[in-house]
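The chains carry the letters A, B, C and D, assigned in the order they are written, with residues numbered from 1 in each.
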Amino acid sequence: MIRAGILGGTGYTGGELLRILRDHPSVKVEVVTSRKESGRRIDEYHTHLRGVYSLKFIDVDLKEFRECDVVFSALPHGSSMEYIPELLDMGIRVIDLSADYRLAKDVYEKTYGLKHKGYRRAVYGLPEIYRDLSFADLVANPGCYPTGAILSVAPLAKKRLIETVVFDSKSGVTGAGVTPTEFTHFPNIADNIVPYRVTNHRHFPEIEQELTKLGGKMRIAFTPHLIPVNRGILTTAHVYLKGPLDKEEIQEIYEEFYSDCYFIRFVDSPSVGRVRGSNFCDIGFFSDGERLVVISAIDNLVKGASGQAVQNMNLMFGIPEERGLTHLPVFP
Amino acid sequence: MIRAGILGGTGYTGGELLRILRDHPSVKVEVVTSRKESGRRIDEYHTHLRGVYSLKFIDVDLKEFRECDVVFSALPHGSSMEYIPELLDMGIRVIDLSADYRLAKDVYEKTYGLKHKGYRRAVYGLPEIYRDLSFADLVANPGCYPTGAILSVAPLAKKRLIETVVFDSKSGVTGAGVTPTEFTHFPNIADNIVPYRVTNHRHFPEIEQELTKLGGKMRIAFTPHLIPVNRGILTTAHVYLKGPLDKEEIQEIYEEFYSDCYFIRFVDSPSVGRVRGSNFCDIGFFSDGERLVVISAIDNLVKGASGQAVQNMNLMFGIPEERGLTHLPVFP
Amino acid sequence: MIRAGILGGTGYTGGELLRILRDHPSVKVEVVTSRKESGRRIDEYHTHLRGVYSLKFIDVDLKEFRECDVVFSALPHGSSMEYIPELLDMGIRVIDLSADYRLAKDVYEKTYGLKHKGYRRAVYGLPEIYRDLSFADLVANPGCYPTGAILSVAPLAKKRLIETVVFDSKSGVTGAGVTPTEFTHFPNIADNIVPYRVTNHRHFPEIEQELTKLGGKMRIAFTPHLIPVNRGILTTAHVYLKGPLDKEEIQEIYEEFYSDCYFIRFVDSPSVGRVRGSNFCDIGFFSDGERLVVISAIDNLVKGASGQAVQNMNLMFGIPEERGLTHLPVFP
Amino acid sequence: MIRAGILGGTGYTGGELLRILRDHPSVKVEVVTSRKESGRRIDEYHTHLRGVYSLKFIDVDLKEFRECDVVFSALPHGSSMEYIPELLDMGIRVIDLSADYRLAKDVYEKTYGLKHKGYRRAVYGLPEIYRDLSFADLVANPGCYPTGAILSVAPLAKKRLIETVVFDSKSGVTGAGVTPTEFTHFPNIADNIVPYRVTNHRHFPEIEQELTKLGGKMRIAFTPHLIPVNRGILTTAHVYLKGPLDKEEIQEIYEEFYSDCYFIRFVDSPSVGRVRGSNFCDIGFFSDGERLVVISAIDNLVKGASGQAVQNMNLMFGIPEERGLTHLPVFP
């Protein structure tokens, strides 16, 4: 039994880790921290989990994790780095859901406007690409947008086929976090769609870093939008290839690349509703001869965050990647 | 031309006053205050009004209203009372959209847990009931829930026919105001419905006061719910009458009571979508022999707030009640 | 291993049976029928189940069920009755999700305007009330509204405490089924709320029959509304008791009545979002001294249909009621 | 007073024409046809217009239009062409909201898979581009997607600055029309986003025709998505220019191009909510140095259909383009 801890359990990703891990046959959640809710029963805060978790939040105290085999950090970026080095030094394996270990140090500092206080090397935890995690002690769980974007074109990037790719992404509102803001105020987003950080979202360097690592130089662009949806990211990747490819060739490239990937499903009509609550990434292809369109759909809180974190944990501990993650989509 | 001022122009009701009054042929908005946005162009804040209002918010200074014939106070309860007595003393007529002047003083203080600092007598501005406002200097614009509730059964109350009435109300999220809170955080209300203050909402004493004034003692109950809708209140009034009445008799009672009321429409299937953006109150009746169900639908920001305030203004100034308020519903 | 068949697998309840039973450790789905989709892979139709079910729909042919231990009928009312008697005669146990076996024959015929062609005695499958199903061959799975309504006041009814109860119910749109109609056309219901069959919904006789059976005569009323939500029914039960009871006494009555019921959760703030995708029924109480308000929240497709059907199956086969049904709510 | 007729008044665009024209000071609606609703009062069908239109639908009979100065055809494509030539021959000016007269004949026949039965030359009624309509007898009102797409880049196209433009468009569900389908079934689109006709939507040839006419050859692509919104199209135009331009130069090009256009507003943060119910087209620019992103937001039923039709009518009759169209956006 893997003993797991959660650092920062009150956000959406913390709640999802708790939901997912309750059903994981090889894991037991032992410690969950929260500064502001310490002492409160978890299921009094995450009321949808009522009756499921009698465990209480504790204040942050790294010693409490000493019996853990793995700790998930669901703290915001900038906070994760304050604790992770010490956890690693305690011999605990860590999966960080924040941005703190996803980027090269200098790119991180420039992108997030912060000095990195505890840099360590981490594996970028997109398990469809980095499949061997058995030796990893620190996994940087990808951002939600990069997950959808990279998975949509990784097979093409790997083959160095892409001339230009424009990612036009549409995200549900849980992606903006659990804290109320003007941006997430119901009347500002219901019956509406709102583009934001149109050319300067902080997930762009992450997309660029990973695609470039995979496939060398290409022209990459990214624009996110908030849609009146709770969960899900739909990524529409508009791709201009370096040369012509017919649909069968493309299909083959994708099927080969993702041949042993449980969570990749090829579908005719991707939509976020049809992956809701699950760890699947649905992918569809469309071509007009000149432009290839690849569309991916994920649940931003599952495959885009906590589900992927558990998938990474499975691979770190030599468990099949899908264990505890076979929840079917709740549709409609 | 009526010169109008708005005290507190940054909330939803302030925005709606601005939207409505732009189209009013007899009114000009001269002054709009805001502490936090003072100096900023109105249409830079209310961006949907872009290009329409070059006027700037000014800080609160009652002298600036001295040329106004009427001031709408769109401040929160507790703040309105700080300014209204002085405005009245300046000889300016006032329509208060807050709760400060709706209730008897003692009921107000108990309900809102505040000492009333500037009590004056006001007319309760539900113009379908209090139609002569020509002499009124201070009109207390009703709450959104009371508007929908009272209008749904006023004709029956007046005839003293009601034994029991249970108001089960469903409100759009703009009713909770412009300030982001957990309650209005998109993921907490989208794809959801949330009852709140189930037996102790502060609009209950207002409903009780007015229905009792109109029709004496009856058993009254009220429960509100928040629904994933921007605008609108649907009130389902479950009525047990003191004696049997057939549908025709009821119809007649309503048609007589509302005979000269422009904004009351009798419909077969009331819904908030079909009054969106308009000052109409749609009413439908249904009976199963034992119980009468009367359903009313209003736009909470228009008939439930700013539209009704303008309707009150019209009646105060001897203008037809519908002037400047004939916007048709935007459906779907 | 229980071998299960599904009669009519293309509706929402069919889809949910498939989703739920995939995770049930004691059940295997062997046969799923559909007239219009016969021959097609299930996961090409229910695309959210992609990759999960390679089984194909077959045309209706009761002989195909001969190896089944249990058949779920997810056909519409009027159709179920055409097949169920024969299935029973084949020695197969049946759970009918339609209305065909919920009501006394005469009440059924009057309510649904149909001649009953294959009447048999059935157990009303609300397992919190009818807990011993070990001998049942035919279980009539309750309607979604009756499930939420009856569970909200059953403990009070049992004690004969209710004078009047008004059920004001709000349902998500999946309750209206998978077939597109004007009623379910997105623009007619989004950003809207629509009351319908205000005093004459066909679930009323079912509510009345069961509450009366449980607690004798009382004054009962029911009005449903459609809300812009996919799943869920929130039932607001406005109750006038025959005599005063304090909140502790009520709490005690409920806790005793539901003492061994896994799926009943008592909560402070019920909402449909917090039971989404799960078989829980969340219940909260509120009192203003005169009126008691009990609010229940269920997922109409799970506890209001397919989840409850599986719960009934468990009890029929002597399995703990929660087996295969412990999915946690997907919130937000 | 312009006497107007509406051919096909039961769809969303018919309803919007009725809503808009009620407030137009120079127009009176005299005749509205409908095959299926003939004889019924308009406001019994369009129930949100209750009390506003006592006029009845009549069956299609072109003679009834003989007193009209202008007829709006709100029939589906393929039907409009059956009536329009005869109306023109009767000396009546026509604005066609269908696709029948937007494209060159051969392109139309190929795109819509129909033989054109009544081809006439028409002006493409995008009034920001074709401003002189005083001599036009037949105006082809643009499609909703082309309106948003073309307006977003027309100034750049005109200057021949575009190398590649990818239009990623997101539409509200009213764009799919008033007839219920699986596509518009509430549970299929609520809490979801659905790409469709990803590389082969019929509005693409229209976008291509007009942009090419304006600015010669460029690489153009278009993908539409359906979002859970009633009204509105947000078009995200990802533009690669032929050479570098700074934001000020771009701003200048747009301001010059749209200098006398009442309905174009330049905004920092375009969103469909902030144009809801109005004829505005809000446009915002964003640049990352390499890629220019231009985002436009319109109400698909107003600027994308009926409002634009009235704007065209105004220009045909020598009236200021904004007359009767100054409704402010209803936000939130």
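In the analysis below, a contact is a pair of C-beta atoms (placed from the backbone, for glycine too) under 8 Å apart; a residue touches a chain by one contact, two chains touch by 3 or more.
These figures come from a predicted structure and were not determined experimentally.
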| item | value |
| --- | --- |
| Chain of greatest Cα-centre distance to chain C | D |
| Interface with more contacting C-beta pairs, comparing A-D to A-B | A-D |
| Rounded Å distance between chain A and chain B, as computed from the means of their C-alpha atoms | 45 |
| Whole-Å gap separating chain A and chain C, where each centre is the average of the chain's CA atoms | 36 |
| Cα-centroid distance, chain A relative to chain D, in whole angstrom | 39 |
| Residue list for chain D, restricted to those that touch at least two other chains | 12, 174, 187, 190-191, 228-231, 269, 273, 276, 332 |
| Contact set on chain A toward chain C in their complex | 12, 15, 19, 22-23, 47-52, 174, 190-191, 230-231, 265, 267-269, 273-277, 280, 282, 326-332 |
| Chain D - residues contacting chain A, complex | 164, 166, 168, 170, 187-188, 190-196, 198-200, 219, 221, 223, 225, 227-232, 234, 236, 238, 240, 269-273, 276, 284, 286-288, 290-291, 293, 295, 332 |
| Footprint of chain B on chain A - complex, ascending | 12, 173-174, 178-182, 184-187, 189-191, 228-230 |
